[in-house]
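Which chain is which? They are A, B, C and D, in the order written, and residues in each are numbered from 1.
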């Protein structure tokens, strides 16, 4: 039993979805501090790379995640998975591809592929689910409360249909 | 669709396993640096908490993970999942419970529950899969190559049967 | 020219202070994620170890730093120095000693020694300056505004005279 | 007494150096994980930003720091200082300027300025000292042992005279 293995593929198959298109690609260079004594990127930095790419996606499509927070809407992560097929090394340039999985006014699920830019080798996959909440951390349906934010994110999904 | 939700329960059900016993409990106090601007622990620190508890488990049952590495056996994480039900805050004392899921000489899968110690509230669950490799990162079956390490880990699993 | 070398000793000498007493000792175990590919703790984690010890000191003497923040007083770091004499390794238990340096109602300067607990070897020294600010990040003199917080911290300093 | 305040200026004055030229400028975008519950970048990330800029400087002038490590020369940080004048926020683009301070075959001291790119506001200063060591962490004088690495770094310093 391997935690999460083939999880994304299984989900896609079970849900009858077609393999999603790539929404965004973001390049990130591995920092020395991100390596561990095995000489590779420590596994806890992979969700950080996903976050950097997600932030860039948001910045491009919906202006800025910071601006959404200033309106009192937050989007904490409530679940994520990481699979590591091959190690990333110091100074590697990584490309993170972000793909849409599921979106309602309440939750947003994205999937990710992390590849070594120079060789195209697939290093890691995973996905994340954000939930929309207010300042008291109570779930909000942004479809009703902030339809223009909802529409901005919806456009991201339509982009790839 | 929520990434990983109910994943552990589903796996247990599918595999016909009985709910595993708690192998180890480790207390960890939240550090200021681990909070983010939402005022809660950032989700990328959860696998670090799992690692701290896994290290303590190893230290107790199999002496020291560092000693295993000195013999040329490494155990990188190849997959993990994290679910966050409720936020952890600065200065909270968290208890991480580690439970055995699956073990062969090639891979080790553990599951985790993270609770706020004071209230017992379940904050997070997840699991991790380590693979055993040599210095060239090639998989090794420690059952054959390092039977005494294999046996030490096996004892951890038998402990809870 | 070495950044910061002998800085604390020089400061003590220049200021005519006597070598300060140890206020607090806190044990911290090195986490795997804190190592880098040189096989030692990465230098950026040293101020985190200082923070963990400072938090524990605050918790003991002035109840809780979190409680101070809830009253609208924050104490961001405005300066710190780190010197590394010898490396810390994975699984090492480190003892952080905190010593008082300087305190006014506006700023608090503490110095630190980091030793390997098992051997007593001095691994690192450094110091930190916190400044007291309000929610708008404007400096506040807590001596006037929150005399009971001022007195609590003052007591820490008197403890060691 | 403020830890490290005006330290760089004092060092420059005491040593009779002229204010050093900027060797390298590197842009870095603040990550969400780098913020803390005060809503600003946590102070322990500043030496990481310095490191990212130092890596980029090395990459440009001396090919790659990773390549130097493969030859068995390591350059751990033995001392650094950080001063924080103003906070950095999530999504800010920061420019890190690197300036040469001191270089021998044994040690390398660089100083840094961190500014908010959009406004030019100075947020932070600091410096770092690296020491050159071999695989056993014993100091090496690269001037004798690896004269071509010594010369490459020396060229960086001459660049700014």
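Keep this in mind: a residue touches a chain if its C-beta (ideal position, glycine included) is under 8 Å from a C-beta of that chain, and two chains touch if they have at least 3 such contacts.
Note that the structure is predicted; figures quoted are calculated from it, not measured.
K.L.:
Taking CA centroids for every chain, report which one is farthest away from subunit A.
P.N.:
C
K.L.:
Check the residue numbers that subunit A and subunit D use where they touch, and answer same if over half are used by both copies, otherwise different.
P.N.:
Both copies, subunit A as well as subunit D, present the same residues to each other, with over half of the numbers appearing on both sides.
K.L.:
As a quick test, compute the distance in whole Å between the mean CA positions of subunit B and subunit D.
P.N.:
Spacing between the chain centres: roughly 36 Å.
K.L.:
Give, as an integer number of Å, the spacing between the C-alpha centres of subunit D and subunit A.
P.N.:
The separation of the two C-alpha centroids amounts to 31 Å.
K.L.:
Between subunit C and subunit D, tell me the centre distance in angstrom, where each centre is the average of that chain's C-alpha atoms.
P.N.:
Chain centroid spacing, subunit C to subunit D, equals 23 Å.
K.L.:
In subunit A, which residues are in touch with two or more of the other chains?
P.N.:
32-33, 37-38, 40, 44, 48, 51, 90
K.L.:
Can you name the residues of subunit A that touch subunit D in the complex?
P.N.:
Per the stated touch rule, the residues are 29, 31-33, 48, 51-52, 55, 59, 64-66, 89-91.
K.L.:
Where on subunit D is subunit C touching in the complex?
P.N.:
Residues 1-5, 7, 11, 15, 37-38, 40, 43-45, 47-48, 51, 69, 74, 76-85, 87, 101-102, 107, 109, 127-129, 137 of subunit D touch subunit C in their complex.
K.L.:
Within the complex, which stretch of subunit C touches subunit A?
P.N.:
Residue list for subunit C touching subunit A: 32-33, 35-40, 42, 44, 90.
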